[in-house]
Structure formats: C-alpha cells, structure tokens
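In the two complexes that follow, chain A is the common piece, with chain B as its partner first and chain C second.
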Partner chain A sequence: MTDTTPPAAPPFTLPKYPGGTGAGPRPSAALTPKGFLARNPSVLWFLLALAVLTVAVTILSPAFGMGSMSTSFVKTLGKTLCLCLAALAMDIVWGYTGILSLGHMAFFALGGYMIGQWLMYARTEEIVVQSLATSPIPATAQEIAQGVGTQIFGVVGGSDIPLIWSFAHSLPAQLALVVLVPGLLAFLFGWLAFRSRVTGVYLSILTQAMTLALSLYLFQNDSGLRGNNGLSGLQNLPGLAETSQDLLSIWFFWASAAALALAYILLAWAISGKFGSVLRAIRDDEARVRFLGYPVEGYKLFVFVITAVICGLAGALYYPQAGIINPAELAPIASIYLAVWVAIGGRGRLYGSVIGAAFVSLLSSWFTGGRAPSIPLGFYTIDWVDWWQVLLGLSFVGVTLWAPKGIGGLFDRFRGLRTPDRKGAPLGPDEGSLQEQEAVE
Partner chain B sequence: MRAFLLGLALACLGLSAHAETVAQIVATHAADIEKPSRTTIGPVISDLAASGDPMAARLLEAWGNKQLGERKSDKTFFLLSPDPAGYALTDLTGAPAGTAAKSDITELKPNAGVRGLIASALVQFTLSDPDPAKRANALTSIAQDPNAESLAPLRAAIDGETDPTLKAQKQRLERLLTLRFDADTTARVTAMESFGADTGLDLRAALTPLVATSRMASAGPLEGKNIAREIKPGRDLTAVEAYDLLVADGSAPARITHEDQEKALADHIQSGSVAGFPVSDLSIQANRDRAYTALEAAGQVPPAATDDEVAAAITAHRFYEVYTEADRVITDAATAALGKISLKVGVLQVADLGLDGLSLAAIYFLAAIGLAITFGVMGVINMAHGEFITLGAYTGYVVQQIVPGYTASLLVAFPLAFAITFAAGVAMERLVIRHLYKRPLETLLATFGISIALQQLFKNIFGTQARPLTSPDWLGGALTFNDVVSISYIRIAIIVLAALFLGFFLYLMKRTRLGLEVRAVTQNPAMAASMGINPDRINMLTFGLGSGIAGIAGVAIGLFAKVTSELGTDYIVQSFMTVVVGGVGNIWGALAGATMIGSLQKAIEWLNPSNTLAAQTYMILFIILFIQVRPRGIIALRGRAAGD
Partner chain C sequence: MSALLEVSGVSVSFDGFKAINNLSFSIGPSELRAIIGPNGAGKTTFMDIVTGKTKPNSGSVTWGEKGQSLLTMSEAAIARAGVGRKFQRPTVFEDQTVAENLVLALKSPRSPFAALLFALTGEGRRRVEALAAQVGLTDALPRKAGELSHGQKQWLEIAMLLAQEPLLLLVDEPAAGMTLAERELTTAMLVEIAKTRAVVVVEHDMEFVRRLDCRVTVLHEGSVLAEGTLDHVTKIPSVIEVYLGRG
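Up next, the complex of A and B:
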C-alpha cells in the first residue's frame, strides 16, 4: 500500500543540517555532537517554568499552603495544563506534520468519556451498595446492577446498563480504553483517509465531519452515554468520598503538570531526531519525501494515532477536574479552537503551542467569566461577555495574516533570529510553521 | 320468574313495535329521560331514532340543545322555545300547546356524554337533510366515529342523494361500514374486494381493526379460535410477557417480585438463617429462590412463582396470536386486502421519499452552490460561507420588518441579500483571502476566525432567540396527490429556485465573457494574465458571486428554518460534503453531490424515522467511506485542470 519500505540505511547520508543561510555555528555543531538538552535549551526552560508554577500553586493552594488561591482556580489551572497537553499533540500533528486535524478535541472528549464511565459507575455503585446495606438480606449482584442502572440511566428513561459499560466497574480496563478508544478511532480514520491520499483542506473537512458525526451520535439518548445529559459528578473520586475537593484539586494539578512535563520531554526528544526531520519534510513537501522512499502514510498514521492517544489522556485528566462532560464538548468548534490556540501560540515549536493554549484559554475564561471590565463608549457599552468572541475571531485573522509565527515569534526577536528575506517567495505550503529557524540552526 | 318473563315480553314488544310514536316511547321511559346517564340512555335514544315518527328528529334536536322541558304540574314533556311569557310549548305530536311560565317548567339538561349520544343518533336524520352542508357534516361525523347503527340509515340515504360528490362519498362510506359491520360475511368480503388497492387512510383505518390480534396461552392445542399464528417465547415475545399471559388467564400463580421476595425472606429470619439457609448465602438469587420454596413448602409464605417455576410454566404452554374477529373468511380477506394496499403504499412512499429527497437536495444545492464556486473554481476554502447564509436570512428578516406585505418583502429581500453578501464577500476577498492564496490551510483558519466573529456579531445584534422569516400565503399549504404523496409549496419553490440557479450559473460560465475569464483564471492564472485578463479582479468577482448566492440561499432557507445565528453552521458541513462528494470545480458535481446526499439522508431517515441525529451520523460515515472509493468525488476533473 505504501510506496516502499523504509530504507534500513539511506543510500546516501543526509547532511545533518541541510540548507539554510546561517553559516557560523554549523561546522562545530556537526563535529562535536551535543546532548539532547543542550541542543534543545527550550526543554529546560519549559521544565523550569512548569516547576516554578507547580511549587507556586502548591504554596498558594488551600490544601497545603496559605489558601490564598481558591480551589476552583487550582482546578482551572489544572484544566489549563490538560488543554496545553492537547495543544502539544495538535502542534505535533499540525505544526510539525502539516495535518490540520479538526478532530483532536473529539479524541480529548472520548478520553474524558472513558474515564468518566468508571468515575460515574464506581461512585454510583458505592452509593447503591451503601443504601442496600441497611436491608437484613445481603443484596444480590442483579439488585446492585439494577440500582446502578436506574441511578445512571433513569435520566434517559432506562435502567439497563448498556453493553459499552461492560468494563465500567474496573479502573484498569477503563484506563486501557482511554488509550484504546481514541487510538483505534484515529487509526481507523487515519488509515482510511491517508491511504486514499486525502490531504490538505479535504482532510481538515473530513476530520471535522468525523467530529460532527461523533458528537451527533453521542447526542442521542440511546447512544448509551446518557445523550445530551452527558456524564456528571466526575469530580468525586470513588473510594475517596472523605477526601476534600481542596486536596483532590491539587492532586489533579500535580498529575496534569507531570503529564505535561513528561509529554513535553518525550515529544521534544522524538522530534529532535531523524523522525522529527521526516515529519517536517512531510509537512514541507510530501511528494518529495515519498519519492525518497519514506512510507509517508505510515509516518502520518503513526503521528495521528499517537497524538490522538495523548489527547485522550489529556481528556482523562481534564474531565475529573471539570466534573461534567457532555457531547457539546466535542462539537467541531472545540477542535477548531485547539487549532486557534496553537496558531496564536506559534506552530512548529512545542513551547509555542503550550503558551498559546494557556494564554488564550485563560484569557477566554477571564473575558467570558464577566470579570473583564466593560468599556463604556457613551452610546454603547462594550460588554466583553458578548464581544470577546468577536475580538478572538478578528485577532485570529490578524495573527494568520500578519504574524503567522504567533506569540512564539516574539522569542525569535529576543534571540535575534530573523526570517531571511526570500523576496516574497513562499517558504512552503504552511508558512506559519517554524521553518527558517530550523534551517538556520 | 314472572317478572322476568314480563320484561322479556315488553322487550319483544319494544323491538317489534316500530310504529310506536315518540310520545309513547317518552312516556314509557319518562324516568330515564328525566335523569339520563350515558350508560342507560342508549336504548331509549335508539328507540326514538328508530321509531320512524317525524317528531323523533325534532325531539332529539331539542333535547340535545337543552330545549326539552317537563311541566311540573302533570309531568308531561314539551319542546320549549323562548317566549315573552316564559316558554312557548310544543307537545310531542308537534302541535302547539300554549305557553308556560319559566317557574312551571323543569328544563332537561343532559350532560355532555348524553348529548354526544343524541348527536350521533341525529346524524342519520341529517343524512337526508335538504342542506348539502349538513349532509356533508353528517358524513364526516359518521366517518370519524363509525358504528353499526349508522349503516342502515346511510344505505337508505344513498338513493335520494342528488349531489354527485356527496353520493360518491356516501357510497364509499357505505362500503367501509359494510366491510366492518354488516351481518353477512359475503357482503363484507365483497365490500373489501371492491376497493382493490385503494390507499385511502379511511380504508386502512377500517381494515386494521379486522386483523387485530390478541395473545393467548394454552396448555394443549387451541380449539375453536381464529388463530393468526403461533408465537414462541424468546423470539416473538419476552419470557416476562409470556408468563404474564399465563398469570392473566389464571393458569399460573403470580410471579413474586424480587423486592417482595426479599421482604418475605427478611420476615422469616430465625437466628441468622432462613429456612435453613444462612443469611450470608442469600446474596445469590438462586439461593433466595430455594429458601423461598422451602418456606412455601412449610406453608409460611403464600405460593409464588420463582424464576425456575416461571421457566417451567412457560415451556409447558404454547402461545398464540388470535384474531379478535372470529370469522376466518373475513380475516383472510382483510389480510389479503391489506397486503395489496401495503404494496402500493410502499411504492407511493418511495415516490414521496423521492420528492422529499429532491427538496432536501435542492436545499443542499442552494447552500453549496456558492461554496462550489469559491472552493471549486478558486480552490479557496471559505469557512465563513455558513455565516453568509445566515447574513442573507437576517437580511430577509430585517426587510420584512420594514417592507409591508410578505410577497413584496421577499421580492426586495432576494436582491438585497445578494447585494449585501456580495459586498461582504468582496470585502473579505480584498482584505483577507487575497493575501493567503498560496496558503490554503491558512485560508481555512482565517475565514474561520471571520466565521467566529460574525456569528457572535449576529448574536449581539439579533439576540439568541429565533427570528421569524414568514413566507407569503401563496407558499403555504401543500400539493397533495393522495394520502401518501404530498409536497409543500415552499419546497417546490426551493426546487424551482435551485433549478433557476443551475441555469443561471451554467449560462454565466459558458455564455458570458465573465465566465470565460473565470474559467481561464481557474485553469492557468499566469497564462490568463498574459492574455490581458486581470486575475485579481476575476477572483474578487467570483468570490463575491459565490457569497451573493449564499445570501440568496439564506433567504430561501430562512423561509422554512429557524433564523438564528447558528443557521449557517447547520448547513456548512453538509455543504462541504456536497462539494467534496460531488467533485470539486464542477457545477454538475455539486448537483450530483447534493442529490446523492439529500436522497440518501432521507432514505436513512426513513429506515430509522425516530432518529434524525443517527441519520446524520450514518450519512457522514457513509461520506467518509465514499471518499475512499472516489477520492475526487462523483464527477472528477481530468487532465491538467485537476492539478494537485
């Protein structure tokens, strides 16, 4: 199906730093290979910033420190870290591989649904067992199942537990599903799409259609996942009824921070090597990479599936902090926002996507939360709850037009990196990505 | 015994004495008439109606209108009419009987139930009323509530009918009543066969009760019943339903619910065990059943079926579906008639579905045609296309607020919507898209930013609630071919509009200078430029044209859909699908895509009518798979223009 098998040894040695105009540091870099961290100082900076944030939040949190930060704000920060994790995945698949997927928030929500099933089932079972314990005769398994079924599905007019909840009693099984369900869906979809060479905007629209289909399916009451009610009460962990939300929120914050740090290191490592070079090459000119003998479809599929799994894991961490998940969470608009965050933060650089996701989502919740001051114009008062979306949309257009490198472009300014003047010739099909710097380095 | 015989004799008299006058009947049943109740008054009213006395109709009418009264002095009934002195009286032979003061008369006020009975008895008199409107009303009321009593008067009223339409109606109704209520089996079967494969709803409503079935259980073979078929527990009916049948006819004890069983067991706990079973073992249902059976044997609890006993009882019986109608000939004939009808109805439903699919296809085509131009011809993806549709719909709404008259406002709205969205499209092309021609993915993102902003802007201006865009009266109603096939005029109008646009677009592209230049720029911009065509101008005009058509589609869609800020979002994905499935860069492709998606969606909805959400899901899945087979759509461009 793919053109050729990957060459075990390329017929010719690829120059380590092909092309580019900067001539200065190249020979020495090639002669004395530096370590991974030395070549990627941004990883260290990122980990340092994340560590500082974690310590600061822990000190300020109500559970361990002064309590000058509310529990809900700790949760908001934890959720933001999960969104950053999803943005990392989006950056790999879009900024590095050039696949503009409008479906990654669907994988995110699927991960949330999978963990939500266990959270809801196990907790309801606890409550049902507790209430049945008062009767003189010990309860049968059927009675417990029926009680759980009525509790969970009464709202959609049923009491039977659907087949897709078969593993809901087991945490390890649902954790496996958090990885498997988004992974398999991404594999199936990606395999179908990539093998028929669907690329560019077609692929974007197709992924959007997939997301829409999935969300419409989940909106039905007989989908087995409670229709538009979604799953709720996810903030209560089964078996930890006595533990306060203060404590849970900081635990989840730590978990989210650890997951983000781990994913950042892994992804930075993966894209710093030959694998990353192939991905960027696919982004810049897919046909050429194929002619060089690389199985482009295999690479794309691998990246698509891996990033889907990362999104699923991020969702599994996100929704216990959010407490509720419903099909509106995976409407196509959510995935598009993910792309917006990555674009505003700066594509093709991992820290850019994290900055974009954190900056825009926090700003968004500040504006839509009604905390931003309204601007009186005399004849009309600009109320940010109403006008934030307009501002976001327009600034998005602005970023695309004038600052395709996004916020990350500012870092290039600090480091004195400048895009070489190509006299108007395009840098490639996806101009916003960080192409020139990679070439210069 | 003697009293019974006397009663029987009286009843015979009542039946045979059709010549009895109204006055006599009323005198016999005075007590019932004074205080009528729905349950007892039926025979009296039937007697009155069947008496043949011309006064019967007047009496019943007066009674139903609360114009029947009883003189207190001698307990005699009179028809009342208002009079300065109180009431003018008419006795039951129709002769005037002077007047009486209101205080001397007890007015009879039958309740609604009794009035209903009176009204249905009156129907047979009005069947031959000189006023055709009243006759038609009588026919309608019989058709709504068919009963055996109406059959004889209806037959009697056919010959005297002068109006041919009404006569046909009466004959049809007579046959409908015959096949249900006639005493003669052959007459019923003949009536059924006389309809052939008529698809009228009234016929189906008349036939369906004849083949109604009920379920029965029997230990041995079932004798003397008109059996439709044997049913098997587990396949045709659930075990619970099967056992409930057994309980209902008394051949098995009622099942004990798990809750009741638990309660009974809990009541008999003795030193940590129930009937010898330790309580801790009772967390398994089988053990509970054994414990309960032990208690049953000891006589401590009433006998009740446990799960095992239920299963045994079900295997010991056979279950049947039995026709309510006892006559095999009738049920066979009705089944055959229904079979013929359902075949024809099926064919007609496919035709109706085709019309539905066609109108949906026309809507998708209208929504997608603008996109086919911008996406197909220019290779530019416009995510704000949906918002242009919304913009058109809101333009229509605003125009309706200003211009009086729905027809006039529509005539204004169409060109205005085109002008506004054309301007918006041109502005967008000049300000944004022009700078992104070499970066298609970024065009998608930038236009998406515009889409977000526009959508929120609509929300800020028009609010979140739906705004009405009312269609003129001449677009109301539906073109009905028969009981199955119909199409609303508004859908016809949209199909016509879509056809007009197809023609307009073909003319524009194939017959005008602008179309020639557009095609040239599509195929090779550099070469076109060297021939003196200004590609920038052509791109701008094409984009404006595509957007303008979206605006017109918006007005059309707004006529039947709710106009909200999310109107466009509902159509955008389908529009993209239409263009992608049909094949990019070809108007016929868009048409083929719209036809396929529209008819397919209707077909899926028809297979699963309760669930339009599922239909859309399957539709999208189908499209994803379709792209596998034909990645470039139904009608793919070939050669150099296909590009890559």
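Up next, the complex of A and C:
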C-alpha cells in the first residue's frame, strides 16, 4: 500500500466555537503520555493473582509440596490456564475487533497436533530403539523407521510414515509448525474472507464451516494423523521417561502460567495504545475507519492471524497435559464454547475473558465429571452430566440479555465506574436546532 | 489552475436505475463548491464514488497533478491520498474518548505496525489540543464521545476531519440539525477551510448556500443541470422547474 503523500497544507485558523473555553489550546491530562501500568491497572492485579495461584499450586503439588493436590488436578489447572490463553485471543478478535470467529479452537487443536506429532514420534522411536537394542545386530535406520511406523500407524492399518510426519523427529521443526500451521491457515482463510468483506453472521458461519471441514478431514484414516484415534500418549516427554508425571505436571503448569502472563502483558500493551483504539473503532464502525484511511482488512487479517497463532501455542501447551488429541477437539461446538466463555466473562476486557474461561471450564468439568450432586425432584432427577449444557446455555442467554459486560462487569462496581451509555438514546438534534424538514425550504 | 479532482463521464446504475448519469465535475486545489439538487438527485452517490465506496459502471475519476485514477483504489487508500468525508449523521466513535477520536484521525502512518508503535509526540499533542480548543472540546477531551451532545459530535467530527489534513473535504449536509448560531459558525468555518484546500458541500438549504458565496453545481437525476453562481443558476428555467416541481 503506497501512500501518495499530499503536500502539507498550510495552517489555518477557525472561528471559535461559542461554548469554547475562550483561551487558546490548553494542555490536557487526557493526552499526557502515561506509563504502561497506569494505563493498564489490571495487569498488575492479574499478574499478582496468577503468581499467588502458581505458588499455591506448587506448594500443594505432589512434586514439590504437601501433595494434597492430585497430579490430575494440577493438570486440570494447567489445562485451564491454556484455555484462558485461548480466551484471551478470542477476546482480542471478538471483544475488541468485533470478529465473531467460531473457529479459533481449530487453531488450538492444530497447535496440539503439531506438538503431538513430535511427542508421539520421538517417544515411539525411543521405545523402538530400546527394544531393538537387545537384538545382537545393531538396528538399521530403516528398521527403526519401520518399527516406528508400525507402532504409530498400525491402528489405521498402515506402517508407512506419511509425508506430513517428515519433521516429526525434530522438536524445533514441530515447534515452528505450531506457529506456522495455524498462522498460515488463518492467513489464507482471513485473506479470502476479509478481502470479500464477509462480516457478521456470515463470517461466523464460515469459520464454523472451516473447523467442521478440518475436523471431518482429520477423522479420515488417510489424513495421516491417525483418523479418529488421534494422537495419544502425549503426556510422556521423549527423553524424560524417568521423570514422573508429578514433576511433569507442575512443569507444564508453570509453562502455561508463564505463557498466559506473557501473553497478557503483550496483549494489554498492544491494545492500550492507538492499535487498540483502531480495533475498537473497527468493531463499532468499520466503514468510518476506512474513510479515516486505515486498511481495515489488513488490521482484521493481522488480528486474526496473531490470535490464531496464540491459540496454536495454547494448544501446544494444553495437549501434552491432556495426553491425547483427536479430531473431536475440532468440533464446531468447541469454538462456540470459547465464545461463550468470553461472553460470560465479559468481552472487551482481557481479565474478563480469563475469568470466564477459568470459571466456566472448571465448573463444566465439575458438573460433567459426575461429582456434582444430582438433584432429586421426586418425579425427575436432575443429573448434571446431562443438564449442565442446559444450564450453560441459559446462563449464556441470561448474560447476553441482562449482563452484557459479563462477570468482568462486576469489577466496575469496585472501581466506582459507571460508563454513561447514550448508545440507545436518540442521536437526534438538540433543542432549538433546525429540523431537516425546515432546512429543505 | 489544474484540477485537484476531475470526474468525467461517470455513470452508476443500481439494478438498472441510473443514479448517476454521465456526470462530469471538477474542482481546483483551494476551491469551495456547493452541490444542490432535489432528493434523490445523486449527491450522496456522487460522494460515494469519489471516496471509493461505490464503483461506477463507466467514466473516470482522477486525482491530483499526476492524474492518478481513484477508481482502482480502496476507500482507505483514497482517504490516505487526501480525501476526507463528513457524513450526514455525525459518526464519531462513541465508545472512545474525544482525545482517542482525535488521535485516531490525526494524520500519521496507518498500517497495523505503525499503530502498534505509535506514540503521541509533542507535535501531535499540540495539534490535538489546538483542534480541541478550536471546536470548544478542550474540557471534553477525557470524556467519551458518546456523552457529547449532537452539536458537539458534529464539531468533533469536523475536528477529526481537519486532523486528517485532507486536501479535499466532502461535506454532506453539514447544517442539518444545527442551531442557527451553529450554522453561521459552520459557514464561516467552511469558507475559512476552503482558503487552503478544496471543499465540496452538499446542502439543501439555499440560505446556507448563499452564505457560502461560492460556485454552485446543480444536480438533477444524476447529471449536472447547471453550474455557476447561486444567483445565476437560480435564474435558469430548468433549475426553477426542478425545484418548483418538487413542491
């Protein structure tokens, strides 16, 4: 995009507005540059809360502390942090930019698949090499590859290693793919969609179609990613066979907390300045932003790709803790849940999305885990495993109707903030102004 | 004086209906021009074409000394080239402060990367402060634009347009919904702005146009019916007929 820079126009003076201050330009505090933390008081509080959580979990963890927390619960919390990271991305793309993407969990799962390939391959190779080491003749590379192939692809009736596993032996390569695959897919999709100015519901439907198509493709056995079996055994880190899951779980928890903290700081920085102002402007009136000279499609694409990459990274941290990934993870409903979390937490503020994701996903695993007590009504028993979905759906509707700011809106009360909201009010002319009808005369 | 904007032989049809029919128009670098015409004459559509919102079926629109075609450019690129536009309804970003609105409009590199690294320098700050003072919004800088009155929003939008530093300003019915005092100020301001850049004003109100004291182009059914001083065009029988026929 080349600017044809117009020659600078000479300055001019304007007649003074009658309600004006009379005096000349005055410096305004609203324009004084403020420090990062002054502009983002939530960052400190967020980091503090995350630090407290991390210390608490470490103290309670089986690896370093009293062990009153089970390894699986440490993993659940670590996974929750990854979901919070995805929710942060969703908040940027939806809450700030107004693109209701219902496909971001596809990027999350793709990140998981990419790291999963390395985890599964390298670990299987280790096992194969070990078992062949007992034979008197040293195993050839071909024998090892064949062994690995049979081990991994036996379930889908094959032993050849598909082309898309070409880099699976290399951690750096697969880490690069964690970024590149979601990033490129988002770029391609976004480029096509935004260039044709697809917006609103149509864009949401397209993103659903994308994640559904991807999921159906991965379900096929010849997709090269083990069809509906997915990738498994991801909780075992290659080269660390001796390390206990107790230790691994807390390591991953730390990594997830660090990633969330880093992303929070970076995103808070990005949206606190003019960039965030442009995003919110695009959300509220994208045509107007175009007439200000901003390449709206470029901004949308940028945000879409960056958030897809964040989701990919979150997925890469999530699935080693989950241990398994399969195409069901890309089901359209997963991305809808992501939007629901952000809506319940309060979109348009970063901590809101984190709170929403943590709160709803933990609650969800409690309800669906069969631990929530059933409610006997005499004629019917409310079994939460089935009814949780209904409750979630109702809360979503409730939040949308009565508390559009979500849980995050509660924080405004602490800060004594009430945003005067004239949005619904008529924008009509003030008293005494000439109406358009008169003007026509 | 070579033209800043040259529109020639442009036609647009919506589902077979010719909203603009072989329209030609040109304006110099520091000229004030009023466009009048009955409802549906195609005035807003004309602005849509110049700003890239609507692509014409035929004709050409060229810009600047080099005669660059605007037809192949996006809305954003046209705006960056120096065409500013004010809509009929005040459109400011209600959820953002007056200061943020002005900073958004302030002339600066527009790419995402530039926006990420943007910092309001002393120069830009002074410019925003000066603009705010000029439209009487200094005290309103930290307030959300949505809290402003209708008139204040109009002024904020005008200040945003000026912050953009356009070479050509397209203003659609600026006086609609303004008080009489505000209208007088607006006229004075448009005349003042037109000393340094081109301004095209679409207006229904003849009194308003008279005060602008500039060349007038009369549009009717998508083409130019007459052009000249207001006194000149209002004496042309066909113009009188168009306006009288409208009742």
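Definition applied: the second predicted complex is superposed on the first by the 389 of 441 C-alpha atoms of A that agree within 3 Å, B and C clash if a C-alpha of one lies under 4 Å from a C-alpha of the other, contacts with A are read in each partner's own complex, and residues count from 1 in each chain.
What we mean here is this: a contact is a pair of C-beta atoms (placed from the backbone, for glycine too) under 8 Å apart; a residue touches a chain by one contact, two chains touch by 3 or more.
None of these values were measured; they are calculated from a predicted model.
When the two structures are aligned on the shared chain, A:Ala270 is found in touch with chain C, with no touch to chain B. Applying the stated contact rule after C-alpha superposition, one finds that A:Asp386 touches chain B and leaves chain C untouched. In the overlay built on the shared chain, the residue A:Ala209 is in contact with chain B alone; chain C does not reach it. When the two structures are aligned on the shared chain, A:Ala38 is found in touch with neither chain B nor chain C.
Residue contacts after overlaying the shared chain place A:Leu377 against neither chain B nor chain C. When both complexes are overlaid on chain A, the residue A:Gly298 reaches chain C alone and has no touch with chain B. When the two structures are aligned on the shared chain, A:Arg288 is found in touch with chain C, with no touch to chain B. Touch criterion met: A:Val278 reaches chain C, while chain B stays clear of it. Chain A uses residues 429-430, 432 to touch chain B in one structure and chain C in the other. Listed in rising order, the residues of chain A touching chain B in the complex are 98, 100, 135-143, 189, 192-193, 195-198, 200-202, 204-206, 208-210, 212-214, 216-217, 219-220, 222, 332, 336, 339-340, 343, 386-397, 400-401, 404, 426, 429-432.
On the side of chain C, the complex with chain A involves touching residues 51, 53, 64, 68, 74-77, 79-82, 84-85, 87, 89-91, 93-100, 103-105, 109-112, 115-116, 118-120, 125-126, 128-130, 132-139, 141-142, 144, 146-147, 149-153, 155, 160, 162, 164-167, 173, 175-183, 185, 188-189, 192-193, 195-197, 204-205, 208.
Chain B contributes residues 258, 262, 265-266, 269, 274, 279-280, 282-285, 288, 381, 432, 435-436, 438-442, 444-446, 448-457, 459-460, 573, 576-577, 580, 611, 613-614, 616-617, 620-621, 623-625, 627-628, 631 to its touches with chain A in the complex. Here chain A touches chain C in the complex through residues 1, 3-4, 6, 8-10, 12-21, 23-31, 33, 270, 273-275, 277-278, 280-281, 284-285, 287-296, 298-299, 302, 419-423, 427-430, 432-436, 439-441, going by the rule given at the top.
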